[in-house]
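Each of the two complexes below includes subunit A, the first together with subunit B, the second together with subunit C.
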Partner chain A sequence: MKFATLLRKAPEWMIHDGPHRDIVLTSRIRLARNLDGSTFPGYARKDDRVALMTALQPKIESLPEMKDSFSEDLGNLDAIRKQALVEKHLISREHAAKAGGSAAVINREQSLSIMINEEDHLRMQSIRSGLDLRAAFAALDRVDTELDGLVNYAFDQRYGYLTACPTNLGTGMRASAMLHLPGLVLSDQVNQVITAVNKIGLAVRGLYGEGTEALANLFQISNQHTLGEREGDIIARLEKVIEQVIGHEQNARKKLLEDAPHKVLDHVGRAYATLCFAHILESKEALTHLSMLRMGCDLGMFPGMEAKLIDTLLVEIQPAHLQIGAQRKLNAEERDILRAEVLRRRLAGFPEPKTDVAAGPPPEDPPLI
Partner chain B sequence: MFCDVCKQKKASVFLTQINKGEMHKVNLCEGCSKEKGVTDPLGFGLAEALQTFSHGEKIASQPQERACPACGMPQATFRKSGRFGCPRCYVTFADGLDSLLKAMHKDTRHIGKVPATAVAAAPDYTVKLEELRKAQEQAVADEKFEEAARLRDEIRQISEKVNE
Partner chain C sequence: MKFATLLRKAPEWMIHDGPHRDIVLTSRIRLARNLDGSTFPGYARKDDRVALMTALQPKIESLPEMKDSFSEDLGNLDAIRKQALVEKHLISREHAAKAGGSAAVINREQSLSIMINEEDHLRMQSIRSGLDLRAAFAALDRVDTELDGLVNYAFDQRYGYLTACPTNLGTGMRASAMLHLPGLVLSDQVNQVITAVNKIGLAVRGLYGEGTEALANLFQISNQHTLGEREGDIIARLEKVIEQVIGHEQNARKKLLEDAPHKVLDHVGRAYATLCFAHILESKEALTHLSMLRMGCDLGMFPGMEAKLIDTLLVEIQPAHLQIGAQRKLNAEERDILRAEVLRRRLAGFPEPKTDVAAGPPPEDPPLI
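Up next, the complex of A and B:
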């Protein structure tokens, strides 16, 4: 598959409707693996990295799941193309910083992506729509088992899968879900929830992972420990917590509609007006408004419109996507103008928000995690 | 050799003691040793003294700057970056690893998936080495020096086998 096809095609998770799709955008599983007897990428010499990649890439391409995949040496992709893969959550920011000697193999559905020579020899990712960590894990586990028959993994009876950083040791697994939590943010409860989630050994991060801002009211919740707990147990624990956070978000939205309906209508109305009529839009502002529009969709303020369009836009208005669309490098001001133009065009025909949304029956208060 | 405390007079009292698995050496002149109450080296609280003698030479029970025989990474690099150089580093730098892992993870033992290739794999040297090191430490603490020497040789043998 060519890069242009990859970029044009919507990933499977964006089209499908997984469980709790209104609040959980995606579920992801990442496995870190290394080859026995080989120096980790961060400490290996370049020719060793290239040799390892050259040996590994065809093996990955040969897996039935990776048929007709996009497979490329990062040395052949410019910075903007690599950034676009980050924006689509197909490779990590760390991987995008790599050049020759590192590669990415991504399947047609864009549900599986395998990074060669990231921090570890292999970083494999599976992504699903909604809250569906089990399906994401099952798909990746299959790939992992198949690869196990083709290579020798670095594994220790005591420490499990050996990784460059001891924080990934053991299962090498990071399970995460991306949650849209505007209700908790608007009602000033999100920090309480984050603190509670942190206390039980789970991490909360922003839209593009470690150290990034919580743009668009999107939060990633993931496991922090990888050693001493089974994969299935990690996933079950995470799932339970996420379901509770979903409950809190639903409650927060209902309460907002009950207690301050004008505040909600104002946020959604302003977001709608800005996105449909603005001519200069910075990324952060656009993302904030898209979040409000998405919440409006969930609350039934835009009958017939699907949150999917907004999820697509969250990616389309990112800098690299804009520049590839324009087929040239754009400075920040040019990007802000193009971003507004793309949004006006894509939201043309988006109906005005309905203002007679009911709050529904008052919610019960679930325990705070 | 000069005294570690006054740095002026010739040292005539030489002390060595193992503290938390690390060997410490302090050299003192006659005057300083008397001043610090070191008349009988055995009754001398060296661990405590070491904190005051900041000049005490410190030697690890294994060479201070160990490097991984497989990838060549020195221990200092791991300490700085927090990343290992290769899978073998987990054996090379096994000392103190568990306390590090304890702080990071739920436990220090893997209980998840096991690759098919590892099921029939070679004996687990990491666990074995760790047991031997613990036994050696105990032997030293019990002053069973012959036993400690025997264990040291066994550790060396296994480490060499692992590093082949």
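Up next, the complex of A and C:
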């Protein structure tokens, strides 16, 4: 698959409606693996990395799951194209900083992506719409098992899979879900929830992972520990917590509609209006408005507007996507103008927000995790 | 004329299109007069003030210009009604603070209003649409001459009309125009213009006169001095300066459209959108957006939308007008919700802003005053 095709094609997770899609955008599983007897990428010489990549890449491409995949040495992609892969959540920001000697193999559905020579020799990711960590794990587990038959993983009886960073030792697994929590943010409850989630050993991060800001009211919840617990147990525990957070978000939205309907209508109305009529839009502001539009959409204020349109826009309005669309480098000012233009065009024709979204009485709030 | 009629009726200056109405909302003349041998209102005893008012009010009502006028002792108007008269620019904020013993007489067209026992025994105002100081003065001069035949003005050969505050001595006249200067504000030139205007002895004030903020990009320019110059000369000088400011504003708008069309479209588009879709709107924010809408209207971005609608809204969304409309006292939160509702209703049905407002090359900027 060519890069242009990859970029044009919507990933499976955007098109399909997974469980709890109104609140959980995606579920992701990442496995870290290394080859026995080879130096970790951060310490290996360039020709060793190239040799390892050259040996690994065809093996990955040969897997049935990776048929017709996009497979490329990062040395062949310019900065904007690599950034576009980050914006689509297909490679990590760290991987995008790599050049020759590192590669990415991504399947047609963009549900599986395998990075070669990131921090580890192999970083494999499976992504699904909604809250569907088990399905995401099952898909990646098959790939992992198949690869295990083709290469020799660095594995220790006591420490499990060996990884460049000790925080990944053991299962080498990071399971995460991206949650949209505008209700908790608007009702000033989100920090309470984050604190509670952190206390039980889970991490909460921003839109693009570790060290990034929570934009568009999107929060990534993931396991911190990879050692001493089985994959299935980690996932089950994470899933349970996420379901509780979903419950809190649902209640927060219902309560907001009940107690402060004007506030909800105001936030959603202004967001819709700005997206439809602004001519200069910075990324951060656009994301904030898209979050409110997404909430309005979930609340039934925009009949005919689907969540997947908004989820697509969250990616489409990012800098690299805009520049590839324009087929040239754009400075920040030009991007802000183009971003507003794209949003006006994509949101044209939808009817104005409905203002009669009545809420039933809010349910009892369950205990805080 | 009853208070309800006065409030419902649009003032003449809102309906008519005076010269330069795109930039000059109104021209106003105010004359301060006192009766010979009577103590100034600030020093008079209440029964003296009542006696003077009781003697003056019927004389004013009897003038041909004041036929069928609204004429009321302020003691008979509650705070909200008095505030509504301030919002319509019919009485001063200071006069609204007065109670029994002070009165207001306002003609049917609301082009003439006469305050009894404000700071002076008589404060008479004439108001016109656009830049039309001469017509405003001519109308008030007739009233002044007629009254001069009915009462004995305090007048000194050397100091002219005697007034409670020495800054009004002489002509007792304040001539002013309310200018809408969004172009100069957006292009960061307005402070330069204000400084230049101040330097030549004119005052620049906010929407509701002395000590008020410049809201909605509205600036009132008036004479500072009342002594030693004839009325006609003061007006001619003021008019000349205002015409220069108009020129600067026109150039600023043209240059903005030429150099930063996206910025103009962005400001106007966001303003329109927020006014049409917000559900909570504070007064200050609403005024800011109405200013941008007015500019868009002047630039031809809203065919079918007339400046007078927006000028009417500038008054209609003020706190007292909202509360009289709702027929009850409203707290700030309730007013913000009602304000948004009024604006959504009044702006519904207008087509979306046109975005093809092309500008010709900007003209040479004349020297700064």
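Operating definition for what follows: the second predicted complex is superposed on the first by the 368 of 369 C-alpha atoms of A that agree within 3 Å, B and C clash if a C-alpha of one lies under 4 Å from a C-alpha of the other, contacts with A are read in each partner's own complex, and residues count from 1 in each chain.
Here is the rule we go by: a residue touches a chain if its C-beta (ideal position, glycine included) is under 8 Å from a C-beta of that chain, and two chains touch if they have at least 3 such contacts.
Please read these numbers as outputs of a predicted model, since none were measured by experiment.
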In the overlaid three-chain picture, which partner chain does A:Leu122 touch, first (subunit B) or second (subunit C), both, or neither? neither
Partner chain in contact with A:Leu169 - subunit B first, subunit C second, else both or neither: first
Comparison of subunit B and subunit C by subunit A residues contacted: B
Examine A:Gly228 and indicate which partner it touches, taking first as subunit B and second as subunit C; both and neither are also allowed. first
Examine A:Phe277 and indicate which partner it touches, taking first as subunit B and second as subunit C; both and neither are also allowed. second
Residues of subunit A at both interfaces, subunit B in one complex, subunit C in the other: none
Sites on subunit A touched by subunit B in the complex: 34, 36-40, 42-44, 119, 141, 144-145, 148-149, 152-162, 164-167, 169-171, 173, 201, 225-231
For the complex, which residues does subunit C have touching subunit A? 262-263, 265-266, 269-270, 272-274, 276-280, 337, 340, 352-353, 355
Touching subunit A in the complex: which residues of subunit B? 70-71, 73, 77, 81-87, 90, 97, 100-101, 104-118, 121, 124, 126-127
